[in-house]
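Below: the structure, in structure tokens.
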């Protein structure tokens, strides 16, 4: 690894973003709890945020980046609302937040 | 800040359903919506009115030949075509929803509001090349759909479907977002159109490639192409019939229209390396989609799941159009989508029209129904044959145009795969026909039917008939749709970008 | 500094991924978000950093924790089946993606070129506002609609009377 | 005014009049089934009369309707119908058999007979359209459109195994035609047109290998329809399960579309490939002749036996065509009509038997002749025509085909002709053996047997159906020129490229 | 003139149509009048045409009406030709036909299907005339198959029984095997000569240089001869003829003795110039004929059914005729056809008369002593017996000896065979006569009621008897000082002006040979007569002495069983096999249902991935993305 990477070059940020993205994805893939999966999704969105703002910074402080970031936050909030509402509603029926147990629909 | 008339006319198409979507929850707040039929009627009326208004507005735009724009929002012919497509689908879904929600025993006005929001999102999704707008459109169309899937939340399957859709959908959206961000970062612009000149320099860069893949993933998910399809059958099964139909048609359509706009024009066409790669990926996905969609549909016992897999297989045919990648192929896709709209809304509407509510949607439930309502049965037959691509129905011409271009581009093998797939599809579409006409209802089903006479679903029946007629009309006058509408949409819409 | 915040971020994420207890996971998520906010500061974007802390760490994660409490499911339920294939394939895919990402980032010439560009420009809220309401007004409207839609959806999903 | 319209748009009228009539019948309420049947019969009879009158007046000029229809994906599609020597009699056969079949099966269908009549008329539209279409795309449309009514006829009014049979029928035929569609689109893409003439020009520019593949794709679709061995297995099922009217028209006209397709499209578009594949085709045809006959011998169900006899007879048609001689092809043309009349009549007769006895098993019968002499008379006449007794139609066709094959240019013509002639013998074996078991002998008096139910001989309506068929059988046997003169010249032109002395022949024909 | 010639075949057809369609309403008398009348009229017209043709310069009278079938270079006219051969044969057909029609009126009077019978019979005359008079091979073939059909219908006349339809079917199918040969022969001739009109064909053959096309000629003629074998009941296709006795007796007389079965010989004569150029075929013909003659005669020795004896006798006599053809004696062969027509018809009709008198009893061993009861029948049959055994001065004598002599010229072994067959013939004929008319009545009850037949039956007997005696004098061979008049008469037809028949130059010991054969024949006749005159006891004891031989002969050398096991059963088995294996397993199973099952199985397998667990769905997406990434980075 080059020192630049360790000291905050663009590549470093992007790397962090992608790793964050992958960790989020892994969470969705491997964890069973719907709530944790949901958190994984939030991680993925955040990874995009990191990358977005890093790019914006290296694109000469592009305002679009921050604007987009605002929208992403809004989207994250919306997803949080709907997602958690779904989880709660499902929990009311099934008394579980285990995604593996919600497998009535298959084949 | 002042809006110019051009900007206003560009955003009007979004505003009409959007505002109506905002209004509807006001009516839904009233607890009496369960008892007061006029409130329900008013809600449906508002929704329909909004859709109709928007429809007439956009058709007038089309008629005038106006292609207004508002910043990154471009209401060009392609967008107008897509908008009309989405609006008709939504209108049919709303009409069917009236009957379906009554069959399910209660009514829920929020569904209409969500539907309108989703429509707004779809229109937005189809009418821009700005990736930020695209992402917002994607979310605006998806988030209401997550909830719509779970409309019938007294059933746990409905919620399960919603959750599954949400998780997979959110992952796909995140991927789309990541792709957007990466492309933005590498090109410095969010406008796909503006990326064109930069692509030759960047085409081989790994970050760009990753970005393109992630972006593509978002689209393919919405199109429900294999292997991004697995939510589809579960979600369709759990969703109300009209919503499932709406999702299968409008979502797929919107994603494809957006794909037509973004990929060939902005990313692929100008750049040799990328084009080859995207095409190879699309070939793989399309082939997988065709095989899996058709084979799995063959084994289903539930009509709705069959229709879900069938919609996956149709995604395969449509993707073949993307593989061909010529403007003629895009015209074919537009054509295909319109006939698909008619036949698939007809197919899903059938379930409502025959009064199959409460999760009863197996072939067994359909037995002998065609004889009870011959006109519906007839329309169903037309829709099924059209889905199977047998002339002289609309479905045939769509396939014809796509295969024709595919072959002209040298993908004969894929075309053969396509026709073999449609051969397989005939078997399962005919099962519906067989069930409707060939078999007498089971005695138990007869008894149940006599105990619970289905509500007369006149609106849904009407939509099915309209769909049947539409399919036949498209089949008889294919040239009209293809040259007057699809061709102009693709040529004038995409020319604007180039 | 970058290294510290990056490590906070990633370790927070990994800790969330690993934790059995849901509440602990939520707290790890907060940690991760704080790390991200720190990164934003390093990227000369205090606006974003603030929003990150307020909205994400504040609102969203709290919402999640709230739901965790509400549902009373603090621990992940024991698995019905081990599903080893899923775990291993998932882990493998994630590892592959991670490795691929590292390789891609390091091997991307365009990225390296971009990394050497330009002076640092601190983001201020005014700029953002102007851009938001002039260039991106359509997107803004759409985002508003989106929030409304999400609200309606959430209400429709969980309100008492059907 | 209508008559002038018909005069100028005769072909369009012929093609679509049955469809319109069928749609009208669909709208009639269920209770009006007798009315619907009557209307259907009279209407189709009218179509027949009009076609007959106009065709007889045809004289020198031929009917053509050619309008540009639409342009799909850059390739124009024409609404091009034409009546010429190749399809003249097949069209008349179709319009003739339709009312006849409706009359013959008047009492067969108890349930929803109005709907069946409507479907039947739609089927007529499909067949006439396919026969008259000169544009390949139009042909394909009608070709596929024929499937649907037939599918429903089998699936809704069929026997016990109707689901399997109808699905098999559908998928089998679609499998061929879909692959053919790919070839069609390929060729259309190269030539930019669906006109056979242009396609033929384009095909010449393609490499031999590609021509061969395209030809095989065309041939597959047609061969399945014919059906040529080994693509024949849908036929026995479809025939056996189909109601009488379906079987009649399936044997009478539908199968001919396969051989007609060869003649009209596959041969002229790919002369080179045709020459190359003529021998394999002829071999398959001979196998079909023998195989169909041998398998027919093993059948226990009369209808299935007749179905397999169709395989054998259509093998003759294929053989005649594959001989690439004028005699053979003319024989094939005639044999198509023969088979349409004879086998159609056989199915009608079997249907009449089934209506009375509700069984078709040979073993359930015995001594039919003692109960139904008139029926036996007609059955014998048709049987004899089917086994190719001279002076009936069957002989002339088979004789020409065999002679054509014997003189064909490719090496094995003589041997093939001799083997195929065995089919004539075997035909007599299975038909007359069946006749012996079912018709002769003492009447089967067992109460559950089929013979016991044969209380009534043919009634006036049924006799009225059979008489024109018998007249035709002898007419075609005695004066085949009536039916082949018109195709002499087109066939000669068609075969000209395949003759060893092609240029000289062409000059002669021109003269 | 031309119109009246057309009336010759059309009159019977007309009669058949009228009787067939209106028969039940007409009544028996009208049917008889029409049925017999049309044939008589046809006979009259034939006689006229015969005379006219005889007086024509080239002995030919041709009438052509229209082109029957024409396409490409194939053109077949529909026309009649009267030359010596065909007009003579037509005379036989209509003449003897008329007599037998007349006879049938009496014989069939009681039958239910009287009208049907006459319709068939008239139809038969029509087809036979087509065969005889047709000017082209296809037209000949029309008659050829048509008489086969009528034979089928008439054999199966008693269709309520089990055996009659089976016999009819056997006859038709065996004939069809022969027809196949004719068909192939026609194809070969057409392919080579480009015409199927007999006159043109023979003209072209005349111009044929000997080196070219002999192979094709051999092939074609061999194939044609296969047809002749079928129709004229030669080994191995003779099997149908004995069974054909299931039909009414007049039918046996007309069709299976006098006319139809001789069609094969007629056809070979018709195409004699062709056959003459094919020496291989000729020798095949000769040997087949000889073998048939002896083979059938030996079977005839032990048969108990009176009609079966006559049937095997017919086969044997046909063998003679064929042997004559093979020896190059076309005229001699045809002469025997001519004489045979008289006496064999007479024998059958006589047998019919006996059978009727005995109330449909056909077993010789149950008859006896009928001489007194049936005097006319007895005397006429006696004359016929003398004729068939070749008693000097009777018709059979001349024709048979001419044949034997020609056979000797061809190969002495053939002569030996012929003489052996003649001895057998004498033996079984006298056995028949003795068992029927001499001895004690072995069925007293039937004997009591036996009485002479009505005049409609006896009149034909008498006429035929006269013929049996005298027609031989039309062809007294040159060896006996005659001119072989019939041979000279037929010359224009047989040689068609190009080639000379090999007949006529008699060398060698003709008289001696004739004496030997006659003496032997007489001796065996006497032996037969003496053996059976007093009853069946002597015969039974003899049968007991050679049980194996007797059994083999009685079972007709097990040929039918052999054919059943060797050909029919395997073919039927093959049909079943092809159906159950070829269609059901291979084409349907592997070609159709297997792909369908595979598709379904594939669907089931793919559906396994639809686990219902959302993690799996996401994993699928990720793997898909990985795959696409792999494509992108490849």
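For reference, chains read A, B, C, D and E in written order, and residue numbers begin at 1 within each chain.
We adopt the following convention: contacts are C-beta pairs under 8 Å (C-beta built on N, C-alpha and C of every residue); 3 or more make two chains touch, one makes a residue touch a chain.
A quick note: this is a predicted structure, and the numbers were derived from the prediction, not measured.
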Problem set entry | Shortest chain-hopping distance from chain C out to chain E | 1
Exercise. For chain B and chain D, what is the smallest step count along a path of chains that touch one another?
Worked result: 1
Seminar exercise, completed: Touching chain C and chain D alike are B, E
Exercise. In terms of CA centroid distance, which chain is the most far removed from chain D?
Worked result: C
Problem set entry | Chain with minimal offset from the mean of all protein Cα atoms | D
For this session: Decide which interface, A-C or A-E, involves more C-beta pairs in contact, and give its chain pair.
Result: A-C
Exercise. From the C-alpha centre of chain D to that of chain E, how far is it in Å?
Worked result: 37
For this session: Could you grab the centroid distance between chain A and chain B? Build each centroid from C-alpha atoms only and quote it in angstrom.
Result: 27
Seminar exercise, completed: Chain centres from averaged Cα atoms put chain A and chain D apart, in whole Å, by 66
Seminar exercise, completed: When centres are defined as mean Cα positions, the distance from chain B to chain E in whole Å is 78
Exercise. What are the residue numbers in chain D that touch two or more other chains?
Worked result: 171
Exercise. Can you list the residues of chain B that touch 2 or more other chains?
Worked result: 132, 136, 139, 143, 146-147, 150, 153, 162-164, 167, 171, 175, 185, 206-207, 209-210, 233-234, 300, 427
Exercise. Do you know which chain C residues sit against two or more other chains?
Worked result: 83, 86, 90, 93-94, 97, 101, 104-105, 108, 111, 114, 135-136, 139, 143, 146, 149-150, 153-154, 157
Exercise. What pairs of chains are touching here?
Worked result: A-B, A-C, A-E, B-C, B-D, B-E, C-E, D-E
Problem set entry | chain A residues touching chain B - in the complex, by the definition given at the top | 14, 21, 24-25, 28, 34, 37-38, 41, 44-45, 47-48, 51-52, 54-55, 58-59, 62, 64-65, 67-68, 71-72, 75, 78-79, 82-83, 85-87, 89-90, 93-94, 99, 102-107
Exercise. Across the complex, what residues on chain E touch chain C?
Worked result: 613, 615-616, 619, 622-623, 626, 629
For this session: Would you pull the chain B residues touching chain E in the complex into a rising list?
Result: 163-164, 167-168, 171-172, 175, 206, 209-210, 212-214, 216-217, 220-221, 226-228, 230-231, 233-234, 277, 280-281, 284-285, 291-292, 295-300, 424, 427
Problem set entry | Interfacial residue positions of chain D with respect to chain B in the complex | 26, 69-75, 140-141, 144-145, 147-148, 151-152, 155-156, 162-163, 167, 170-171, 174-175, 178-179, 181-182, 185-186, 188-189
Exercise. In their complex, what parts of chain A are in touch with chain C?
Worked result: 4, 6-16, 18-27, 29-33, 35-36, 38-40, 42-43, 46, 49-50, 53-61, 63-64, 66-67, 69-71, 73-82, 84-89, 91, 96-98, 100-101
